[in-house]
Amino acid sequence: MVAREYKYLCSDPGQELIRQDIRDHNLDRIIVAACSPHLHEHTFRQAVGQAGLNPYFFHMVNLREHDAWVHTDKAAATAKAMDLVRAAGRRVKWHEPLGPRQVPIHPDVLVVGGGIAGIDAALTMANAGKHVYLVEREATIGGHMAQFDKTFPTLDCAACILTPKMTAVRSHRNITLWTWSEVQKVEGYVGNFSVTVRRKPRYVLEDLCVGCLECIQACVYKQAKVPDAFNLGLGKRKPIYIPFPQAVPQVVVIDPETCIEFKSGKCRKTCVEVCAERHAIDFQQKEEIQTIQVGTIVLATGFEVFDATRIPYYGYGLYPNVYTALEIERLVNASGPTGGDIVMRDGRKPETVGIVHCVGSRDEHTNRYCSRVCCMYSLKLAHLIKEKTGAEVYSFYIDIRAPGKAFEEFYNRVAEEGVVFVRGKVADIYPSDGGRRLILQVEDTLLSMVRKIPVDMVVLSTGLEPRPDADEVRRLFNIGCSREGFFLERHPKLAPVSTFADGIFVAGCCQAPKDIPDTVAQSGAAAAQALALIDAGMVDLEPNTAHVVEGACSGCKTCIPLCPYQAISFAEEKRALINEVLCKGCGTCVAACPSGSIRQNLFEDQQIFEEIEGVLAYA
Amino acid sequence: MPEAFEPKIVAFFCNWCTYLAADLAGTSRMKYAPNARIVRVMCSGRVDPQFVLEAFAKGADGVLIGGCHPGDCHYQEGNYKALRRCVLLRRLLHQMGIEDERFRLEWISAAEGERVKAVVNDMVEKLRALGPRVPLRHEEVA
Amino acid sequence: MKPKVAFYWCASCGGCDEAIIDLDETLLDLLSSVEIVFWPAAMDFKLKDLQGMANGSILVSFINGAIRNSDQREMAELLRARSRMVVAFGSCAQLGGIPGLANLSGAKSIFAEVYPGGVTPRSFHQENGHALRLPDFFDNVSALGSVVDVDYYVPGCPPTPSIIREAINRLMGAELPPKGTVLAPDKALCETCPRKDTRPEKLLVREFKRTHQILPDQQTCLLAQGLVCLGPGTRAGCEAKCIDGNMPCTGCFGPTSRVRDFGAKALSAVASVADCNEEALTEEVMNGVPDPAGTFYRYSLPSSLLTPQHME
């Protein structure tokens, strides 16, 4: 028995210390009592293996996260440490030599979500020669970025930098683009996922439609009447539509809720007439279910804008001239519902505008976190509004967060352009002057006085939230969510794109609010991680599988219905038989087997009993 | 003057939710009572009722099983099996003279570091009030 | 010289001794090959007969019944000394048996229940110069192995004739099994159950029923009909006699060698196949097993990992 103390065992010299001891003293079991096995179990197993000892003769004790960092009573913490190490000593004696399970990695990739994060990840991996399925729920890729006008701090036109990437996706021979589609089910494990995708019917055949848009022109609805989701209801569309002019794919969609043919069956179908050569319209189209095999998955499902009606005293939805920031993006955009003119709902042009920061962020009543992008986009909107209208612009802020490259300089520029900054959180917004003006009541904390500032138009800088169905989506992929509901990364510092499901990665705002440069960086990281797996060709799985003890099973069938992966079969031998490749090592069957005939590697009954006895030896 | 009674708790934590939550409590430097000893299992579904009895038999004053919230089990349904066993096991333990507060099944997600702290602290307090689980004189006869 | 054997009963119903008689013709073979030197249940043997023997002079003592009082312990210890091998015969000796369920109460509350009115038995009474001793009533029931070193176990309540014959053959055989072996197959009862094929591969039970609530179908797996059959967790060897009688297995042959606590494992198996995922529903489904201790530990409470603590 050798006992050593060393400050950083996970470092190279630390690992060498272990290897040397194994060689010098012919050790046959190794225990490291340090941090969480989630961090370095793998590291130490490797070191042990390099010294010629089976890596599974190693066991890690968590004395840091579970003891030293959480207890103040030193004597009690030490007694606890002794209990834990003693338990490990008794347990590891019963470890068996094991080998890792190796499974091959299917080279195809699935990217879920076609915003800038998904597009960028897909292009990177497709350029590396991998076949990528890009599945997007909307009828076009582009995501929220397609709705923006200019991007901070350079004021690049969002569409100009985005659309070439969208086109590249469309024309890339390694990308299969499925829009108007959703993932329904995911089965399998890293390297071998089987994904079922539901392709919703557009009632327009994608292969035949060339995007001439004549059907929209010809529609019996002479005027567009349906509120247009892309323009957030500020504009209108017809029942047959394309989400926005640069949509990819350039294929129209028919909305069965508003199309007369679907509602009454008695439409003249001028759209079909005008598509006489291509015959691209098919009212009988049904949804299609497709199942694909992929080795890795990147989730890039994006964010949802905070619903400003949750703060009723800001008057969104109540007073017509209160807008969200995204709505302003659409107004300011030349291809938006007002052709780029900033015109309010009552038709007037605003002469004074108030921009309210932190709506749904940094707020204990809604979301505690900071949404990271709102200060910058508020500055951008302030600049654009002032430029387009010459209006007096007020920005009501708590702090100005401008940490990125050229961000602070942009803030200075906007301040120099004459935007008025008031440091105070707006407490109330109410109409005056017969509703023509809105009063923003705020405590100006720099002047130490309450001010009531009348404006014509209010812009609410709404924060970023997880998608409303994020919880259901993450269950499909067997990953977790953080407290706020964003997808949970494996480690906030060192593994920000991995998840606890091997082979599944996250990128973009679905993981946490962030701006476009960070999103693109993260999607590159996710692509790199996926590529690393694929190019390795094989992946090692934990050998903590269950197996039936030879000759012990009586065929009682208790275990068969308990395995969620259908890894236990019965028919052939009339005995339970566990498929080692399908077994994920949960151990449920082991606990249930009434005759004790199933064992689990690394979590044997004997090992756990020893641990229990070890921690209680001095009780 | 006898030392104040410090209950000993054996906690079976599932690797993906509860164990990570305890790790998170650690990295966040939350401070809580030092009475629990965590035994790691991959899933709360691995917890065999034999383990629970062994823990009590060997001197635990309380046994805590930590699993993922219903619907969130990393292995889909392991926590449901744990629930089924625990409901019946609790009734058995009651017949055997073990008070309800000594045996707990808690759902804690990987992001809920404070719940680990809250649950352990609460359990310690309740066990202090109950006192040690006193084995019968007879247990020494064998 | 014929090998000497002894049979004794501790806290016992007498069924295990009857089981020897149940050997029918084989009993005659047995009697011709061994000399029974002590069997108070069947014939008029006295304590002094046993006391007069030399240590180790008995080849095998088959002791049935649990240990409830000091007399039984003393007899077990005496037989141990006089014998080369001690076999714990039947569920009571192996596991504590049905008398073991008394461990859910203590001696005090048992006496209060049995002797209302406050007059309870005492171990020692002296009157008119005469003294009377009664055995001490222990607070708990134990299996035989708790008081003496046991060499082999013959399971069952009572052991079946075929299991007894098997056991005797093995003990008289050339090579003895390893010490501590249970002389029955090390697999669960389902292996030999005639209804095995009728249990669906993926059985989940929505409602547990008790034996008085339904008239079970004579061909179908009893667990599939909602009865709590412990066959999946109980050692085979009894030829599924109870199942043939259309009653579920109650676990008298005890656990396989791979299980440390019969009742806990049996509970785990039964609970795991309950068809419920939500807390309130689970509580309702488990109401179908109203007495878990009696159901899962009918024969084995004293051999549980956890000896019950009395709630008084």
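Going in written order, the chains are labelled A, B and C, and every chain counts its residues from 1.
Keep in mind that, in the parts below, a contact is a pair of C-beta atoms (placed from the backbone, for glycine too) under 8 Å apart; a residue touches a chain by one contact, two chains touch by 3 or more.
Because the structure is predicted, anything quoted here is derived from the model rather than measured.
Nearest to the common centre of all protein CA atoms is the CA centroid of chain B. The greater number of contacting C-beta pairs, out of the two interfaces A-C and B-C, is seen for B-C.
Each chain gets one centre point, the mean of its Cα atoms, and the points for chain B and chain C are 32 Å apart. Once the centre of each chain is set as its mean CA position, chain A and chain C turn out to be 59 Å apart.
Multi-chain contact residues of chain B (touching two or more other chains) are listed as 48-50, 54, 77, 81, 85.
Along chain A, residues 562, 588, 591-592, 605, 609 each make contact with two or more other chains. The set of chain C residues that touch two or more partner chains comprises 259-260, 265, 268, 272.
Touching chain A in their complex are the following residues of chain C: 186-191, 196, 199-204, 230-233, 236, 255-256, 258-260, 265-266, 268-269, 272-273. The part of chain A that touches chain C in the complex is made up of residues 549, 552-558, 560-562, 570-571, 588, 591-597, 605, 609.
Interface of chain C with chain B (complex): residues 104, 106, 138-140, 142, 146-147, 259-261, 263-265, 267-268, 270-272, 274, 276-279, 282-283, 285-286, 289, 291-293, 296, 304-311. Within the complex, the chain B residues that touch chain A are 6, 8, 10, 16-17, 19-20, 22-23, 25-27, 29-35, 37-43, 45-51, 54-55, 58-60, 71-72, 74-78, 81, 85, 109-112, 117. Against chain B, in their complex, chain A makes its touches with residues 36-38, 62, 64-67, 69-73, 76-77, 79-80, 83-84, 87, 475, 478, 480-483, 488, 500, 544, 562, 564-565, 584-588, 590-592, 600, 603, 605, 608-609, 611-613, 615-616, 619.
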